[in-house]
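One structure, as structure tokens, below. Some questions next.
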Amino acid sequence: MIPLRIDYTMSSNTHRFTLTLSCPDRIGIVSAVSTFLAEHRGWIIEATHHADEVEKRFFMRHEIVAESLPFGIGGFRERFAHIAKEFAMDWKISDNSVKKRVVILVSKLEHCLYDLLARWKAGELDIEIPCVISNHETWRSFVEWHGIPFHCVPVTPDNKAQAYDEVQRLFEDAHADTMVLARYMQVLSPKLCADYPGRIINIHHSFLPSFVGAKPYHQAYSRGVKLTGATCHYVTEELDQGPIIEQDVIRVSHSDRPDDLVRLGRDIEKTVLARGLRYHIEDRVLIHGNKTIVLR
Amino acid sequence: MIPLRIDYTMSSNTHRFTLTLSCPDRIGIVSAVSTFLAEHRGWIIEATHHADEVEKRFFMRHEIVAESLPFGIGGFRERFAHIAKEFAMDWKISDNSVKKRVVILVSKLEHCLYDLLARWKAGELDIEIPCVISNHETWRSFVEWHGIPFHCVPVTPDNKAQAYDEVQRLFEDAHADTMVLARYMQVLSPKLCADYPGRIINIHHSFLPSFVGAKPYHQAYSRGVKLTGATCHYVTEELDQGPIIEQDVIRVSHSDRPDDLVRLGRDIEKTVLARGLRYHIEDRVLIHGNKTIVLR
Amino acid sequence: MIPLRIDYTMSSNTHRFTLTLSCPDRIGIVSAVSTFLAEHRGWIIEATHHADEVEKRFFMRHEIVAESLPFGIGGFRERFAHIAKEFAMDWKISDNSVKKRVVILVSKLEHCLYDLLARWKAGELDIEIPCVISNHETWRSFVEWHGIPFHCVPVTPDNKAQAYDEVQRLFEDAHADTMVLARYMQVLSPKLCADYPGRIINIHHSFLPSFVGAKPYHQAYSRGVKLTGATCHYVTEELDQGPIIEQDVIRVSHSDRPDDLVRLGRDIEKTVLARGLRYHIEDRVLIHGNKTIVLR
Amino acid sequence: MIPLRIDYTMSSNTHRFTLTLSCPDRIGIVSAVSTFLAEHRGWIIEATHHADEVEKRFFMRHEIVAESLPFGIGGFRERFAHIAKEFAMDWKISDNSVKKRVVILVSKLEHCLYDLLARWKAGELDIEIPCVISNHETWRSFVEWHGIPFHCVPVTPDNKAQAYDEVQRLFEDAHADTMVLARYMQVLSPKLCADYPGRIINIHHSFLPSFVGAKPYHQAYSRGVKLTGATCHYVTEELDQGPIIEQDVIRVSHSDRPDDLVRLGRDIEKTVLARGLRYHIEDRVLIHGNKTIVLR
């Protein structure tokens, strides 16, 4: 161990590696990882852990200044492998200079699309958007104004299988990491859900598990709730049942009609989706069973 | 109409009448009521309406300075009756100098009890508490320190019917208006629910309709939600399905165990129950079907 | 008074008049107005009042179905004038079929611009945007993609007077009602502020009155606050001191650097500005002294 | 390093040591501490860090299962000293089986007192309350009902110095760690503030830095803010300027009079004080300059 003072000026652009892992909880995990890093003079920007006491599982995330290490990401993987093996870790390391590739799926409602593109344009969401896919032509020129390819894949009751094959082909051709359903009003095929576990993110317009399924704002109106919400979650084969990444609510009252709930809910949908996606692309979300650990 | 400037100094102690009503919506309701009040020089402190456009029903609440009127509450009832009849109003008028009588039911968990007594002691809840009823002796001396009678009515699987008869007898003997279940961990008898519609208030420790029934915090933990909540509602025969008066939520995370959710939820339970009860005793809550109109 | 049942199907597109007024508080105001409306069979959609007990002033807002009345807005003005005079009302009536004309001013930061245009495009903000004015060329093609004229009026230390004359000329030529400073990073001239009282809306990136002036997020960071906020207010000659329309906050922590505060704050700025602007264009905001009454 | 699987069943009663430290940031801190713990088979329950990139200072908090270590707290202090020295740490270790001793100061307003005693009674605040001190007799019997000694120390313009000497004597005699000003409406003497840095906690009834000083709710009413708040902070000699521990806000409107703000604010005061005190007694709050790092 060579304690040393190094002066890094941090910014959101600092070149960094993000190490995430989970493993059976036991003594010595933090020590092993942090000693490995210290021995190679790795400068830790951020470190967070979580121990699930019921499941006896340990979760960890480290952000490390890339240039503080004497090797690249390949060298890291090689040298870290024996520690990972010793502790039976499920792990990965990513490089923030390689931007995540995020494909956005949208239907006719544009508020989440506008919001995501605004954040991307402002550099707030540090991603590549290789393309936007929609079942309608509505937003083609808007998307193309941003310099992003737009693909229209109509979905009808008859062509579902082919349509989702086409979506999958476009996703694969784009070498994408993540698919975001930005109020994409279609239920994906079971095959798509199964092929990309933990990689498809949906925004559902209710505070799950309330109001699963169609027309949640109308369900909320009928029940007379005093808050309405939105839920960002990973898509699984079971509708609206996947691991929850983020949620939020907004106050409503008896005087709000279903279309007021729709309007008020949009603000929550946008921010909840943006926060959830941000956690995801920053490798802050670890999935365990049907729950998430969000290491912030 | 005799327009006139009258100088009332308002305070929370101002003697006032509260008129609440609902009727089929049509032209002329506000005019009829406000002209009636103006003709008698009634000084309106607060007036709120709501028109349900689907059900075509109109809801209204007025607070009037009692001494601005040339008659008492009996005279008001007499003179207002023909307007009420003309518009087929469901209506009532109450006098804030006659405090609502609220019986509190509690089990072993005391946070809502402490909170309600603190608010009552501070004059924030302008009610009489004729007695507290519990299925345990735990909080007798605390309640009695406040000068409030305490009745212990144990509830066992075998004596439910008698126990709830006894609760009902105590409630009737107390000439009480409202029963508050302040984390009273028992399901009331159908008879009690049916005998006092819109008069029994419960605090449920989840954001309904999520997590109906027992152990909602454990249900919330299992589902991995990112917010937990509480719901104040009127008790009906169907468990946790009555009209919702008020709700709120608090942020939680993967690191919160069920007992953390319990602790965090307590703060929301207390404030939601207190707000809901306040709306109720101020005659701000009108029930329509299984929903509430809260006129604030 | 001719009570009558009329069946209007309400929607956000219903043609309606909005009457707003304030006057010295006295008995008979509501009666006079509602009787006037009932006599002409005016169908009230929404009615809200506020009585300021300290200032003894009464504030009122009515939304009325336009076609329920036997006259147009001119006829309303004529017939209502004697009531307005009798009660010394400060009043106006507007017609929602005549959209408010809102000029947006923006600098280089685009998040509020994107947000406003998205809401306008979705029909959520029912306004005309005759033009966008900026001191930079940055967002010309984005604005023009939306079919909205874009004017660049550079502002330098030397040309301020001429620049603001030009802004005023563009605003006048656009026959605009309202000017929105959507993170327009310039202090307007006193003349502009004085010429359009209650018509220029700013979004300030702090929870006023905390952190008046420049770099509020850095001020917030230095003070170590645990929440950061935004304030939508009318512009007056005194910087950041105008009547507040709407505010909100978001939670931050010691780990948020100034640029995190900037990022987190953007979400609050957008929603607070959009809510404030919505209240304004719906004639819900009445100004009294340096405060607002927001009738919702 | 002896990696080992040990099965501790965690609960809020688990006997634990809490290590907190800060030191100049450099490579190897986490490694040194975690390796020290692993070598002694210390089981980490919770570990959190923060690196202040501007000040180049590192902050850390560990909760360790006491019985997992082969030595007691004295042994820990001895063995850890050389690491602390090497890294120039400012550090301390505490034992949760030795409860913090918290003296509560109160005036006539009781809502925070009720709230703190309720939490203490429920076991939510794991503290000893050796005594309550007040400048009034008002709450003597309520406090004594809880089995807690009550001291009345009247404060008049003439006896301030003696009164605060008496408060200090009572505090010292109680061997107390922390003094909580639970709406104690007096400004402490500079000597008291200076003698207990980071040990006196106040609840201020505004969202600081807004509305410093007297009658903040009236100041808030005058400014027409749309949210009101509360701030829990450490007391320093400069009034309302100490390091902020926790804040929150609640929505208000034009219709809320100053006494409504007072009432609404009470709910925020209670929860903000309780959260702040909880962070403090769990050794989660590290002070750096005039700011806090709250390690949760």
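So that you can tell them apart, the chains are marked A, B, C and D in the order they are listed, and the count of residues begins at 1 in each.
Here is the rule we use: a contact is a pair of C-beta atoms (placed from the backbone, for glycine too) under 8 Å apart; a residue touches a chain by one contact, two chains touch by 3 or more.
Which chain is which protein? Per UniProt: A, B, C, D = Formyltetrahydrofolate deformylase.
These numbers were taken from a predicted model, which means no experiment stands behind them.
**Student:** Consider the two chain pairs B-D and B-C; indicate the one with the greater count of contacting C-beta pairs.
**Tutor:** Ranking B-C and B-D by C-beta contacts puts B-C first.
**Student:** Let me check something: if the centre of a chain is the mean of its CA atoms, which chain is farthest from chain B?
**Tutor:** Farthest chain from chain B, going by C-alpha centroids: A.
**Student:** For chain B versus chain D, what separation do you get between their C-alpha means, in angstrom?
**Tutor:** Centre separation, chain B to chain D: 36 Å.
**Student:** Please work out the Cα centroid separation of chain A and chain B, and write it as a whole number of Å.
**Tutor:** The computed centroid separation for chain A versus chain B comes out at 42 Å.
**Student:** What parts of chain D, by residue number, touch at least two of the other chains?
**Tutor:** In chain D, residues 53, 257 touch at least two other chains, as defined above.
**Student:** Quick one: in the complex, what on chain C touches chain A?
**Tutor:** Touch list, chain C to chain A: 11-12, 109-111, 114-115, 117-119, 121-122, 124, 141-142, 145, 259, 263, 266-267, 271, 274.
**Student:** In their complex, what parts of chain C are in touch with chain B?
**Tutor:** 1-7, 9-10, 24-32, 34-35, 37-39, 41-49, 51, 53, 56, 68, 86-87
**Student:** Within the complex, which stretch of chain C touches chain D?
**Tutor:** Against chain D, the touching part of chain C is residues 50, 53, 207-211, 223-227, 229, 243-249, 253-255, 257, 290-294.
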